[in-house]
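Chain IDs A, B, C, D and E follow the sequence of writing; residue 1 opens each chain.
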Amino acid sequence: MHKETNEVLLEIKGVYKKYDDITVLEDIHLSINKGEVVVILGPSGCGKSTFLRCLNGLEKIQGGDIRYRNKSLVGQDVNWQEVRQRIGMVFQNYELFSHMTVIENIMLGPVKVQKRDKNEVMEQANQLLSRVGLLDRKDSYPRQLSGGQKQRIAIVRALCMNPEIMLFDEVTASLDPEMVREVLDVILGLAKQGMTMLIVTHELSFARAVADKIVFIDKGRICEISKPDEFFTNPKTERAQHFLNKFQY
Amino acid sequence: MNLNWQFIAESLPLYREAAWTTLKLAFWGILISLIIGFICSIVLYFKVKGLKVVVHIYIELSRNTPLLIQLFFLYFGLTKLGITLSETACAIIGLSFLGGSYMAETFRGGLEAVSKTQIESGLSIGLSKSQLVRYVVFPQAFSVSVPSIGANCIFLLKETSIVGAIAVVDLMNVTKDLIGMYYQTLESLLMLVVVYLIMILPLSLLLTWLERKVRYAEFGN
Amino acid sequence: MQNLGISVLFKGKNIQRLLGGLLITSKIAFISIIIGSLLGIIFGVIWTSKSRWIRSICRIYLELFRIIPILVWLFVIYFGVTTVINIDLSGEFVSIVVFTLWGAAEMGDIVRGALESLPKHQIESGKAIGLSFWGLYRYILIPQAVRRMLPGAINLATRMVKTTSLVVLIGVIDVIKVGQQIIEHSRTEVPTASFWVYGFLFILYFIICYPLSQLSKNLENKWNV
Amino acid sequence: SNNVSSTTETSTSEFDTSEKSTSENRNSEIKGTLAEITERGKIRIGVFSDKYPFGYVDENGEFQGFDVYIARRFAKDLLGDESKVEFVIVDAASRVAFLESNKVDIIMANFTVTEERKQKVDFANPYMKVSLGIVSPESAPITSVEQLKGKKAIVAKGTTAETFLTQNYPDIEQLKFEQYTEIFEALKDGRGDAIVNDNTEVIAWAKKNPGFVVGVPSLGGQDTIAPAVKKGNKELLDWINKELEALGKENFIHQAYDATLAEIYGEDYKEQLVIEGGKLE
Amino acid sequence: MHKETNEVLLEIKGVYKKYDDITVLEDIHLSINKGEVVVILGPSGCGKSTFLRCLNGLEKIQGGDIRYRNKSLVGQDVNWQEVRQRIGMVFQNYELFSHMTVIENIMLGPVKVQKRDKNEVMEQANQLLSRVGLLDRKDSYPRQLSGGQKQRIAIVRALCMNPEIMLFDEVTASLDPEMVREVLDVILGLAKQGMTMLIVTHELSFARAVADKIVFIDKGRICEISKPDEFFTNPKTERAQHFLNKFQY
């Protein structure tokens, strides 16, 4: 969006993903530069979530290669724990740990995984919390928060690990429209600061506003990679056209 | 009411002692049950090969047969194999053998109630397997299982009334004894109920409190 | 010696007697489980009432059975209550009554838990298609609650089967008592009788309770998702 | 807890046979009378079902034993047929309750006469004597009850031995089991130092089990065993006493011994056990 | 939309609704003609759901009157069971009865409540099912259906009672975008056939397409009742303006 560079952070080369016999991702090629915001669009079930999950090691791939800073993330000897500290992820369902307060949720990773100093982490957490406007909810439990609040906390939790890339998987899908706005505003803010992001969303106008690059996937294949304006006004493929039509009455 | 107060006063020490025995048995029985249940549930949850079958057999045997007979085998049967355990030891082992399977099922239910998304989000912040289990899975499973753990504890406490069969002087045993010797039926039963009340009521309140305390995991998110 | 031991089981009508005892055990257990479940469902429905009073009364009823040992209930009802109201009830009948009341209490708690765990919008959508109060319970809530309460209910059932051994105190001869009669009768001739008889009883109980717990597991799997 | 006590309260009068409650309950009082029994055509007698050889059930499911043998005769003499008896199985702890609540007419379950029990039920004249004996391993024989102090005595619940030790030797630790089989098993397993039980029982057992001796063949005073009826049921009580007297004339209790006990205890103990005619010599 | 008439079906006069001390609806006036499609918009928590629930007797009102065909729905002697057969409702959460198959779900009301003939109901159900394209899922259980399918069945279930008015409360809120379309198409179809409807939704473009009349509620009060084009292009109140802004990036 703003500070896009030419340094390639993540490179996906011919990735295949199968569940048993069903091929869910087929020959996916994509490279993401530092500071770039890539939005992935596509009909339901096309494999968007699966793609993000592969990047984070939650799913194994059956072919191709994924390279993060030119190191392969394929094979037995990948230290996923370390990779996941660099590649943060936020899911559709507010998946805060329900038995921990907001601040405990945020500090768990930095303190227990990264072994960072408690006070330092606390300071960073406070800063991030106040940025998303939730500093006063620090000691609440997830059940005491609205959906939008929970998602903003989930984002803070991921950010507090100081990741280099953030993956967002339909983070607003189960939110009320007004909360959608709260959360998307946070993501917009991140984009402005130059965070590298891969975003799956169904909010087309948001996608248009935030993306440097739109990737359209259908049936497990990348059909189209375009600049946002181009994609929305003049999609190259018929499939993308058809997809966009669904959102017009 | 025509109660024989003298009789009540005289047998009070017996009841005090028996109540102590019952509590002791229940305490150890529950504690060991928790440990056994915990271990078994882990074996089941992580589907540990080999051990899984053993645990399944143990659970089915223990749940589907009466404690009375289990105790007889422990007490009289083991001796024939050269292992002689004291009455109290047998009673505690019997209670734990029974309770272990109830607790195992309870814990397993709790573990399975921890949603997949919670586990995935734990992974996504870089937690290792053991950290995940320690910081996310166990606390949540525990909070889900607390009500049934409580029910199991009360069940085990009451189940101690069977151990009279192997000559342990618990509350029920003392009561039956007194009735058999002096036929002060009303007084004896009344004392039995009162002592159980004194033991179970606080336990029940404690559990209600604990339940409220750990209810954080309720309603997932 | 061991051959001699197992022969105890086949002497005279011993096997028949044991099975007869088992029949009584199962009869008391199953009649109580069935009636207790039905009453328990009604009780559980009443328990979901919003009235504090009704809720407290229900709670007290449950706690009465939780705290007072079943043995005491058997004693009090068989020897006490039936004489006060001057009717002569058989021990078996009283056993069924006590076990039924106990079953209803525990089942009521299970049903209450299941009903309260049902999503609220199931009730509302039932109302929205014009179902009456009873229709709502009959077609929507109870059938759904039954699925949820099944594991607990079967757990209770096996506990009831195993607790029937208390009924000897009021003169009902259950399977364990028959076993003890056999053991005692042959104690001079066959000192190892106890091993064989108790072993046999162990298997009998297992044969009754195991299918129950398997049934619950299967139904749980089937109705899950 | 209010509810708890009130539930039991209702039954107070039943467990507690004070004069007051008996007079209040005239209606149920009638139940045990001779007229009522005759009308019913059956006499209900409470017996043990697992105290071989006094009251037990044989492999064919029939009630047998010394008590049962005599009980059958009672039925025959009262109602004309020995099958007109309904045996109700009782437990040591429920013997009195069965009588008090009119569930049985007579208890003949090896019921030892004691002062405490006399306050709850009316005993008829006795038909049997008991005294206690102690059996212990040959390797560590117990030859006097004093030796048991600080040791463990094995007893069966609800027996005279239990009462005797509890009242006279409270500092002897007792290991109490429900069943006879279990006390013997326990002694063999070394769970206690000796069994205190009816001497007939321990002597007969020691005979069959080498390695064990009856160090104390006769202990304490002699107790008697008698039929018991509900308190105040004088009519039935008198009938039993007369019946016992009549039976004494034909030496019936001796017959009962021969039929049920001789096999186990042998001839030696006959006179030690049997009371004929309801009267101690 | 098309067959709007002048016959007033439902008339709401000065309705007040309180939860304990909190007033959730205040002095609501609205009248709905036969064949009219009214869409209710408003920020989260403004009382939209509560309003619909009051019309269906799921909540009692504390003041004012609701008249259906000029009969009051206020007071003790309203036979709600009967009213609910005339006023159908579909909720946000797919609330099919999970222990019944699709067809059992649909037939329960007509057969058990309305005591209609089984065969006749079955026929109608088949017809409705094929209209929403789900005739082949007749014997499925709810858990075997996608969210969109469940909502279409829920609509069929309500329709099968032959109601005169349908209330829809955010029926697409928990659906994937493509399923949203499936469901909204069914509602559009109903509108074309002249069904009287009250719809709460957050799909603004759908609202614009389907509504005869837009009612904008804020903080429990009706702020604005307008024709849709007017509302979206030129809202009368500032609040409505603010609300609409939230959906633009």
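The rule we apply is simple: contacts are C-beta pairs under 8 Å (C-beta built on N, C-alpha and C of every residue); 3 or more make two chains touch, one makes a residue touch a chain.
The structure displayed is predicted, hence computed values, not measured ones.
Chemist: Once the contact rule is applied, which chains count as partners of both chain A and chain C?
Modeler: The common neighbours are B, E.
Chemist: Tell me, which chains sit next to both chain A and chain D?
Modeler: Touching chain A as well as chain D, we find B.
Chemist: Measuring between Cα centroids, what's the chain most distant from chain A?
Modeler: Looking at centroid distances, D is the chain farthest away.
Chemist: I need the chain pair with the most C-beta contacts, please.
Modeler: Highest contact count belongs to chains C-D.
Chemist: Based only on mean CA positions, could you tell me how far chain C sits from chain D in angstrom?
Modeler: 33
Chemist: Give, as an integer number of Å, the spacing between the C-alpha centres of chain E and chain D.
Modeler: Using C-alpha averages as centres, the distance is 80 Å.
Chemist: Measuring from the mean C-alpha position of chain A to the mean C-alpha position of chain B, what distance in angstrom results?
Modeler: 47
Chemist: Determine the centre-to-centre distance between chain B and chain D, using the mean Cα coordinates as centres, and give it in whole Å.
Modeler: The separation of the two C-alpha centroids amounts to 37 Å.
Chemist: Could you check chain C for residues that touch two or more other chains and list them?
Modeler: Within chain C, the residues that touch at least two other chains are 67-68, 75-76, 79, 194.
Chemist: Which residues does chain D have that touch at least 2 chains other than itself?
Modeler: As it turns out, chain D has residues touching two or more other chains at 4, 8, 11, 15, 93-94, 97, 178, 182, 185.
Chemist: What parts of chain B, by residue number, touch at least two of the other chains?
Modeler: 76, 185, 189, 193, 197, in rising order.
Chemist: State which pairs of chains touch, listing all of them.
Modeler: A-B, A-E, B-C, B-D, C-D, C-E
Chemist: Taking the complex as given, what residues does chain C use to touch chain D?
Modeler: It is residues 11-14, 16-17, 20, 60, 64, 67-68, 75-76, 78-84, 86, 88, 168-171, 173, 177-178, 180-188, 191, 193-194 of chain C that touch chain D.
Chemist: Enumerate the contact residues on chain C facing chain B in the complex.
Modeler: 63, 66-69, 71-72, 75-76, 79, 158-159, 162, 165, 176, 194-195, 198, 201-202, 205-206, 208-210, 212-213
Chemist: In the complex formed with chain E, which residues of chain C make contact?
Modeler: Listed in rising order, the residues are 119, 121-122, 124-132, 135, 139-140, 143-144, 147, 223, 225.
Chemist: Enumerate the contact residues on chain B facing chain D in the complex.
Modeler: Contacts found on chain B: 1-2, 76, 79, 84, 87, 164-167, 169, 173, 176-177, 179-183, 185-186, 189-190, 193-194, 197.
Chemist: Mind listing the chain B positions that touch chain C in their complex?
Modeler: Listed in rising order, the residues of chain B that touch chain C are 60-61, 63-69, 72-73, 76-77, 80, 154-155, 158, 161, 172, 185, 189, 192-193, 196-197, 200-201, 204.
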